[in-house]
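Labels run A, B, C and D following the written order; every chain starts at residue 1.
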Amino acid sequence: MHTDAIAFIGLGSMGAPMAQNLLSSGMPLTVYNRNAARAEALAAAGARVTASAAQAVSPGGIAVTMVANDAALEAVTLGPNGVADTLGQGGLHISMSTVSPETSRKLAAEHAQRGSLFLSAPVFGRPEAAAAKKLWIVQSGSSQAKVRAKPVLDALGQGIHDFGEDPGSANVVKLSGNFLILSAVEAMAEALALVEKSGIDRSALASFLGQTIFACPIYQNYSQILAKRAYEPAGFKLELGMKDVRLVRDVAEQVTLPMPLADLLHERLLASLAKGRQALDWTGIELVSAEAGGLR
Amino acid sequence: MHTDAIAFIGLGSMGAPMAQNLLSSGMPLTVYNRNAARAEALAAAGARVTASAAQAVSPGGIAVTMVANDAALEAVTLGPNGVADTLGQGGLHISMSTVSPETSRKLAAEHAQRGSLFLSAPVFGRPEAAAAKKLWIVQSGSSQAKVRAKPVLDALGQGIHDFGEDPGSANVVKLSGNFLILSAVEAMAEALALVEKSGIDRSALASFLGQTIFACPIYQNYSQILAKRAYEPAGFKLELGMKDVRLVRDVAEQVTLPMPLADLLHERLLASLAKGRQALDWTGIELVSAEAGGLR
Amino acid sequence: MHTDAIAFIGLGSMGAPMAQNLLSSGMPLTVYNRNAARAEALAAAGARVTASAAQAVSPGGIAVTMVANDAALEAVTLGPNGVADTLGQGGLHISMSTVSPETSRKLAAEHAQRGSLFLSAPVFGRPEAAAAKKLWIVQSGSSQAKVRAKPVLDALGQGIHDFGEDPGSANVVKLSGNFLILSAVEAMAEALALVEKSGIDRSALASFLGQTIFACPIYQNYSQILAKRAYEPAGFKLELGMKDVRLVRDVAEQVTLPMPLADLLHERLLASLAKGRQALDWTGIELVSAEAGGLR
Amino acid sequence: MHTDAIAFIGLGSMGAPMAQNLLSSGMPLTVYNRNAARAEALAAAGARVTASAAQAVSPGGIAVTMVANDAALEAVTLGPNGVADTLGQGGLHISMSTVSPETSRKLAAEHAQRGSLFLSAPVFGRPEAAAAKKLWIVQSGSSQAKVRAKPVLDALGQGIHDFGEDPGSANVVKLSGNFLILSAVEAMAEALALVEKSGIDRSALASFLGQTIFACPIYQNYSQILAKRAYEPAGFKLELGMKDVRLVRDVAEQVTLPMPLADLLHERLLASLAKGRQALDWTGIELVSAEAGGLR
């Protein structure tokens, strides 16, 4: 079955380098993207480009999806000429997008009805990390799905972390991670405003933190971006951050958990959107703190 | 002048190992602690123990203070038989406690009137780090004070980070750091509750975070404490965390900056104190999130 | 056309007394309720009871709906044998439930396609106010719809307040009103805890407020309920309050507006639900404040 | 003893009309104000004007204070030539300023040591209400003090509400009231932004609320100010609102009670001050909500 090409659907800023890595690992690849232009570089590298998701998928084969949101994932999977009907008996769908746990559970059930497997496998890392095979992958789903997906995931990241059988679990972990990252951004934004208003150099605080008590990449990189207010070009757009925090709040409501810090982040994001900052990097929520302190 | 003994005042869980390190570095030491029993181990190691702060201090010499809070620092410095009057012309006061920037500015002015120098030099690190000379020291004050204090600080930590001439600046940085740490705790607490209520193992999330996107000690250590709810014995008591967040809010009010995340932390701490948890580790604010979600 | 009976759909704690008032005003009435038992009292008073919504509705006639939520309203209107298809050309649908503005806009468009009118007309008031014709009605929609609905609304309330042509506007006003009421509850809850923890009689504060600076029914009634913690039986269930605050947050997100106070109310409601308090009166969110202060 | 003149200290926008009312009631009055110009109108009306607080006060007589804040009250009471020492044995101090409960308790104890009584009696109402004898007065302290103060208070307000013996209680009630009022402002501000961003007339919502579910003066008056954003001239300055919310937070911390809504109000006030709005009416916090929604 592995002689069949793997179908890779969704060639955005994350999907394109991931697909490239599968090709580089020697896996035959069929690719589909709504905007065909993005598939050209992969065609040059040996991928077969198709005109629909269904054409990319082989019955009983493997399909990897990396699309923008829940609606896009549902459309490509369950829509007419979708992945689910085409994969059918014996297939495997590896879903790597950041979506809600509910969508994963629903798709897993739909695939099960058709005799195919579903693995939820979202990733942590920016496009550069994707290109460098440095993604962190979190997975959840059936053991069979994990075994069969392993060579594909190994070719994409630097480590796979398992969160059990519920196909929604990996999504909850991915959303929790993004929540934690943006919480760190908010905390740094408030601290940087506090030192700036106290007459202290913002950059000095940022450097100190990254070299000492928070010597890990997220604090090191983000504190520099925040100290300089370097929100363009965006590494991860603010409007995508909003999508993720919205999903965090949805899960929190479903499991009946108050998350005041998630609410605060949502307020920061909404205020940013109300000022037309959807295309800034998501760290740009810092401007809301700065403005509230009269710094701009 | 360096042949005089250094006076070390305040032998709590941080001060005692710090004083020990000065002794081990070959510096003659005179020590004072309100509770004399805590001075015995240092006496055994060669320190001279005195019955008052004033007796420990040599005119024109160096005094290091590591006491509980602003009131204690003011009392020991400006009270009868205090450090300020005794040090007098040519002295140096190295103040390492976590106090408000205002107190540092006030003490610096008082010392200046008496012809002595004042260096604000609070530290990051728990008692184990103090014992291992692994403290991170932040300093601010006059250049003269920094030059003269350097050998002392070098004997206490693994690095000195400078924040300029305003004696209050180092305190603002120290308070900002503690604010950032407790913000990370709150974020982890909410995320852990979210995964637990979603049926996912808390410890699995903690391990994942520490190994991947937050591979720095604060996330690694605190996520484990939080996952296990291991709040006793306290590494840093919740009531001390309250003191520090209160100081953060005081500075924010003075510089006219809203800090909603600091307010949230204050609410968590107050709720913890209202339930009698002042002696738990400050990470114990997690229980408030858990209880709000019906987890306990 | 007015000789046709008016169809009244939804005989819950609000709908039943409202339908009764239409009957008492001499309007012929056909009623439908999912749970038929609730229709008996109205049958005894002269209403014709039908087995489906469609059977209650006369083509070209008037249908009033007072159902639990958006899903119920959509089902009864657009589902098989729904109000929309049955009303058809020349009909009028008066929608009095608390639903989202989006649902009203959608239903108005669906009715327009079928040649019928739609009026959004939610109400303020508890069941006792409904029985006493003391409801406050807010309306929005086309002028034609308002003219034709007027006799019906006059028979139900003590005043009609108009908010223009957008069928969603009345819903936004209704949701804003409930947001304001629950905000007052939260404020009173915090104030009552403050005085109680200061050794002052809660009831004394409640009486003072209602007699002086807040001499209006919401503060008068709710401060007494809150002072006594008399949350059972529920006048308006906490889980219904959650539904409304959820709708407020949905609108806020759609119009890109941060509403931190709405977020706080949502946190209070979620914490209440997590403790199994869905059947308490919505003022029962007070318990969350009290518990956070160690009062219970 | 009642033949002695009553001393009235503090002739600000509230104190001046209150003193005028005592004169109009036929009570002989001696007045003192730091800024002597403000005493002229009262002199014309028959008051004796003195050059210090001490000169205004008769030993064993009655002194009424209505000053700006805790510091001013302490200075005028306990400072050199202060009210306390001059009143002495058999005197009564009626303290009507908005101050902390701690200050009242401290002053009551100081007076007791000198054989005089202290009554805490802060008021609700703006200057117009003071002029019209329409203040609501809340009191706490000893029974003796209440009996002797009654004729004075009767001449100043439309009702006295008693909160027991603890001299701090009346202050807690006063602070709670101001907290409730500003909470209502914040709620209205958010609701008005929600309707405005939904395309609905702000003034229509304001009128509706005041006529229906919130038919009491605070909602009626403030909703109109908010709808029109008429924050100048200030009825009650934003910086005074900040003082009061700061006192609320201080009490909350002393009694160990989280008050997230008070924290939100404080954030709104701080953001307003950071934008230089200290002289606007305190309802001007609304601008923060509006700006966060991109409305200005």
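Just so it is clear, a contact is a pair of C-beta atoms (placed from the backbone, for glycine too) under 8 Å apart; a residue touches a chain by one contact, two chains touch by 3 or more.
This one's a predicted model, so the numbers in the text were calculated from it and none came from an experiment.
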{"item": "Fewest touching-chain hops separating chain A from chain D", "value": "1"}
{"item": "Most distant chain from chain B by Cα centroid", "value": "C"}
{"item": "Separation of mean Cα positions, chain D and chain C [Å, integer]", "value": "38"}
{"item": "Residues within chain A bordering two or more other chains", "value": "252, 256-260, 264, 267, 270-271, 274, 292-294"}
{"item": "Touching residues (chain side chain D, partner chain C) in the complex", "value": "101, 124, 136, 138, 159, 161-164, 166, 168-169, 172-173, 175-177, 179-181, 183-184, 186-188, 190-191, 193-195, 197-201, 204-205, 208-209, 211-219, 248, 251-252, 255-262, 264, 289, 292-294"}
{"item": "Chain C-touching residues of chain B, taken from the complex the two chains share", "value": "260, 267, 270-271, 274-276, 288, 292-294"}
{"item": "Complex contacts: residues of chain B adjacent to chain D", "value": "246, 252-253, 256-260, 263-264, 266-268, 270-271, 273-274"}
